[in-house]
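Right after this note come the structures.
Next come two complexes, and both contain subunit A; in the first it sits with subunit B, in the second with subunit C.
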Partner chain A sequence: MPRPRLPAPALFLSLAAFLVLVFYIVPLILTLWASLTPVRNWNVAQLRQFVGAENYKRLFHLIRFDPDVSTVVKTTIVFVAGTLAVNVLGGLLLALAAFIIEERASLGFRLLWFLPRMTPVAVFGLLWYYFFYPQGTLNAILLRLHLISHPVNWGQDVLPWGPWSIIIFVNGLVGVSYGMIIFYSAFKAIPKDIYRAALVDGARLRDLVFRIMLPLTRWHLIFVTVWQLLSLLTTYAHLFVLVEWGVVEKWHGMTWALYVFETAFGSAVNDQALASAAATLLVVVGIGLGLLTLRLMGFERELGAVRGEL
Partner chain B sequence: MVEVELRGVWKRFGDFVAVKNVNLRFPDGKFSSILGPSGSGKTTLLYLIAGIYKPSRGEILFDGEDVSQLPPNKRNVGLVFQNYALYPHMTVYENIAFPLTIKGLPRGEIEERVHSVARMLHIDELLDRYPHQISGGQQQRVALARALVKEPALLLLDEPLSNLDALVRLEIRGELKRLQRRLGITTIYVTHDQSEALAMADLIAVIHRGEIQQVGSPEDVYRRPRNLFVAGFIGMPPANLVKATVTRAPAPCVVIAGGGEYCPGEPLASKLEALGLEAVVVAFRPEDVVLGEHPMEDYVSLEAEVYVVETLGRENLVTLRLPDGQAVKAITSPLLNPRPGDKMYVNVEPSKILLYDPETELNIEAIEAAPAARPVSLAEASERRRAAQEED
Partner chain C sequence: MQGEGLLAGLLGSLKPRRRRRQPTEELPLASRAVGYTVIAALLAASLPIILSYTLLVELSFSASFIATPFEKTSFTLENWRLFFQGRLAPTAAQIYTPSYIRRMILDTLIVALGVMGVVVASATPAAYAFSRMNFRGRGALMRFLILLHAFPGVALIIGVYAIYVYTYRRLALGLHAGEAALLAYAFLYVIVARASLEIPMSTWLMKGFFDRIPWEVEWAALIDGASRLRVFTRIMLPLVKPGLAALSIFSFMAGWEELIYVVVFLPSKAPTLASYIHSQLSGGAIETAYLPVVAAAAVVYLIPTILFFVFTQSLLVEAAEGAGVKA
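Right after this comes the complex of A and B.
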């Protein structure tokens, strides 16, 4: 068969390529560029001056010696690891529950878990603001149960795990439906006869889950883990609201992505050069972690050997 | 092993009735077949026996013990699925070992049993491969091995041969039957292919639209179809079904288009009389037709016109048309090669002819002498009893 000529595929690819170029490649180059200049306070003329690795030196100095910035690093690690665990394991558990319960009930169940994702960020943030702030719902419940004697400002005073728990909780709720929906459809995609065969072979629920369902949805597990990992590294919308409204203490509620945002656009600093260096670092770490996760979970092995029917 | 009995079993899926009041007994150690067209409820019936479905009503008994509510893993059954349902992420060895592994048997025993069943089914060379690396026939054997390795009391097979090509099918068909004999395991085999059922089964249950149509030996089902569905389903091609009228001068006779007349002997004649039918459906098998240029003595002969001749190698399949347009098929020697348009006589031995009531579609032979549908009044009943006593 003759190979298709270039123009047709090129035409189809051009739109996507254009979008990637304009919204990904160009900003990436601009960021990299800006990180090598002393640009501050939107003084774009400074984009012509080069300072070499100066911003990166400042950044690593801050990470080492500024307690606030090193807290941001710790918060990022705890937040990403914790929320990733909640999203992947929680998504698995919810998908299992949705799979096991009756079909009609399952739809409502899944919709319920989609609510956080469908709710606007500000509304969802406000909801949890009312829940966690000192005079909020959580303290009211705990006071009524006599578990505490006076209201506690969980997000500000209980450091570091108070704010960390809150940001993991809120983002976990938003993200968990993603894993749920992917895993649920993956479980559904396993042929019914496989489940029946396993049941006749004597499998209990535990055997079904660990010997049939999880091994057969390994690919989805890898995908959700890597996807969520990269999303969590860069997400900051909910965190921004929680920090801005004082639900959580500033540095213990701030991840690296939010730190980049605050440094570039925040009210206090407006140091675009430093923010660009921080953003570039985030991209490098993201790529590294993504590849590492793929390797750890045996992505190449999955790609290499096709198992089962195509 | 185990005897399986179904008592008044129904299965509904929403408004759809998949299985209707099924009463069946599958004898211990025998090879039984559930035969029916696609969508007839045969797989549902098998899944009910396996415990994958629970009956909506009725009981399923294993050796007299009610297992209707037991889950599949408590029934000690082996099931081979139509598409084999091998676990794609496990090797052949792991697939076969799966039922034993989750039972938590010691590793040595698992190994021994897997190897022994794999040797029996000639798949011991394949144990390290994955299902997608072996052929359909080999997958079929692996599925069978997985069903047999736990030494079930009951082996259930759901169209196990339908995904195989013709030669492999014949080979495995023979093997399956020998294997069943050797192990003496009660086997229920679901198929839509009547030749499989006729060739393998000791007992055939024909099912259609969720209802059992006939239960009997292959011979029974083939020679004495209980109703028109079975007559029109079994056989390759199935029986000819020809509409005919009944005359009564003086004895009841059946008049068939093309000049055929069949006057049945007793007890069929009096049954025909008692039923008071005006019309019947006449059934005879294509292979029972003697096709000739002349009518034959002592045969029922129908004049017909050759419509089409199909050469099948070992034989010819001739389709003819009776004067009133009804089609009749005949299997003839390959030497007899009539041309379309030829006038021929379809000769059938009277003993090979079966009569069916067009209303109830039942074989008239099988209908009880008194028409069951007509309610008998109390006065009539006592009259009959007195008549019977006087005869004594």
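Right after this comes the complex of A and C.
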């Protein structure tokens, strides 16, 4: 069999490699570099000046003394922890439910829960804008039930848990289908004979879930948790519309990723140097957390073991 | 590397499966009563999704503003008439025209098709190389692609925009490019920049399809003296049509849905459906926005998503993990 020489792979990879270089590698280096310069208002000529750790000093000063920025840090922690719990546990519950019920209904529900993920951000934001704003659906229902006497602006006035609940809710709806799909296909992948044998031995549903399904899909649980943790740290599109449209109060709806974006692109701030420093921090925390989680959960060993079973 | 194992396995489930109606033997995992209880619970949990989408569609056909899907309102096509006449914000100072609507839909379509084209053209040959060729650094590169996919996009967009600002100014001031050329450049840039974000996952997705084609098919052609490129275009591409279809759909949707890149890179004179909805609701514009018309625009914006659901149901659910990771 003729082994292809090097030029052939290079030819096939060239376009993808070029795009990755220009739109991943170079921008990343630029962002890291920009955090060491005084660049503001997209005055790219300032990228030639070097100010050392100045931006990082400013950033840490802000975290310590600026109440808004420390709110952003708190929001990030609550948002990531809360949405992660929703996505992993909710995904697990949905997958279990979809696995138990008969196939036709199951497909319908899985599709329904997949809808938020495929809905354009602007439309999904609009749905929840209607739902949460003072004259919206939520208040109309609560008023009808006489649970409140006048409309409440949940995202703006009920601090901090109003906006926090809304951002967790909205992003949870988008994110939960990821776990659902992975867990569901994992349950499907367990050989039917195992279920059958257990049923013959008189196992009940609870036994099936806790003795068979969950133990055999440990590794998927780890995978989903880690992957979602990383995604939640970096996601900001839905949060962006919720904040910009005033559904939630600015600082209680803003996670670190959105803070980076707003600092770089918000017309009031336009401070790309500071934003780059904040972005670099996100990169470091993201990579560190990812590696740490993998280590903590014995990822490598799990991987080696379960692959044979699947 | 192990990460590849799971991912390839997951993406692998997206096989061009003949959907024969085979009598799947139902395992009675739970009693009928439990089954119905679970369905009821699922239905209750799904209520917010069902209600909110229903309300959006209802609002676009409603003569008055409604807050819940159960409120009495009369059916009207007025909102749709206003929308297609371009009267997008009846009370706003800005005058819209019917051509504005066409422009909006066309711009959204240009970005979506552009992203699709760039992704398919770049990820398909790369996936072929990863699937079929042995070269130095292959494993490392594939792992690197996963890392890139997990990378904070917000850290990238600053650098991406800096390059854009620099090149745009060179074009405008150095080369005295005209307005039309600058607008074309903005579109080109937003398309290629957005498409690049899809390359890591798309390459993995397509590799899964190439992996399933028996090597013998290709081998025979290579022994007969065909070049790699010829084998790729004449033999392999026709064999991975289902993969190309899936990749095209996913990348089209990625471009169609995009909000951030469109709002950041495209000038306001080049609106898309996303940036129109955004402009109607952001920063105090709410006072002048007429929400039923915005709802009509949102329903139009949802059409590809709905078509997508109708035509690719099971593919969609099985291939979800290949579509990219949002929150």
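Methods note: the second predicted complex is superposed on the first by the 280 of 310 C-alpha atoms of A that agree within 3 Å, B and C clash if a C-alpha of one lies under 4 Å from a C-alpha of the other, contacts with A are read in each partner's own complex, and residues count from 1 in each chain.
Just so it is clear, a residue touches a chain if its C-beta (ideal position, glycine included) is under 8 Å from a C-beta of that chain, and two chains touch if they have at least 3 such contacts.
Given the structure is predicted, the values throughout are model-derived calculations rather than measurements.
Using the contact criterion defined above for the overlaid structures, shared-chain residue A:D201 touches subunit B, although it does not reach subunit C. Of the two partner chains placed around the shared chain by superposition, subunit B is the only one that A:L216 touches, whereas subunit C remains out of contact.
When the two structures are aligned on the shared chain, A:A268 is found in touch with neither subunit B nor subunit C. When both complexes are overlaid on chain A, the residue A:L230 reaches subunit C alone and has no touch with subunit B. In the superposition on chain A, no contact is made by A:L147 with either subunit B or subunit C. One of subunit B and subunit C touches more residues of subunit A, and that partner is C. Legend: residue contacts after superposition of the two complexes on their common chain; A:D193 is shown touching subunit B, with no touch to subunit C.
Overlaid on A, the two complexes show subunit B and subunit C touching the same residues of subunit A, namely 196, 199, 307. Residue ranges on subunit C touching subunit A, taken from their complex, read 2-3, 5-6, 9-10, 13, 24-30, 34-35, 38-39, 41-42, 45-46, 48-53, 55-56, 59, 65, 67-68, 71, 118, 121-123, 125-126, 128-129, 133-136, 138, 148, 150-163, 165-166, 169, 192-193, 195-197, 199-200, 203, 219, 222-223, 228-229, 232, 253, 256-257, 259-260, 264, 273-274, 277-278, 281-283, 286, 291, 294-295, 298, 301-302, 305, 308-309, 313-314, 316-318, 320-321, 323, 325-327. Looking at the complex, you find that subunit A touches subunit C at residues 1-4, 6, 8-9, 11-13, 15-17, 19-20, 22-24, 26-31, 34, 39, 42, 44, 47, 83, 87, 94, 97-103, 105, 107, 109-123, 125-131, 135-137, 139-141, 144, 171, 173-175, 177-178, 181-182, 185, 192, 195-196, 199, 205, 208, 219-220, 223, 227-228, 230-238, 240-241, 244-246, 257-258, 260-261, 264-265, 272, 275-276, 279-280, 282-283, 286, 290, 300, 303-304, 307, 310.
Partner subunit B is touched in their complex by these residues of subunit A: 191, 193-194, 196-204, 207, 211-212, 215-216, 218, 306-309. By the touch criterion given at the top, residues 47, 50-52, 71-73, 77-79, 81-83, 85-89, 98-99, 102-103, 130-132, 146, 150 of subunit B touch subunit A in their complex.
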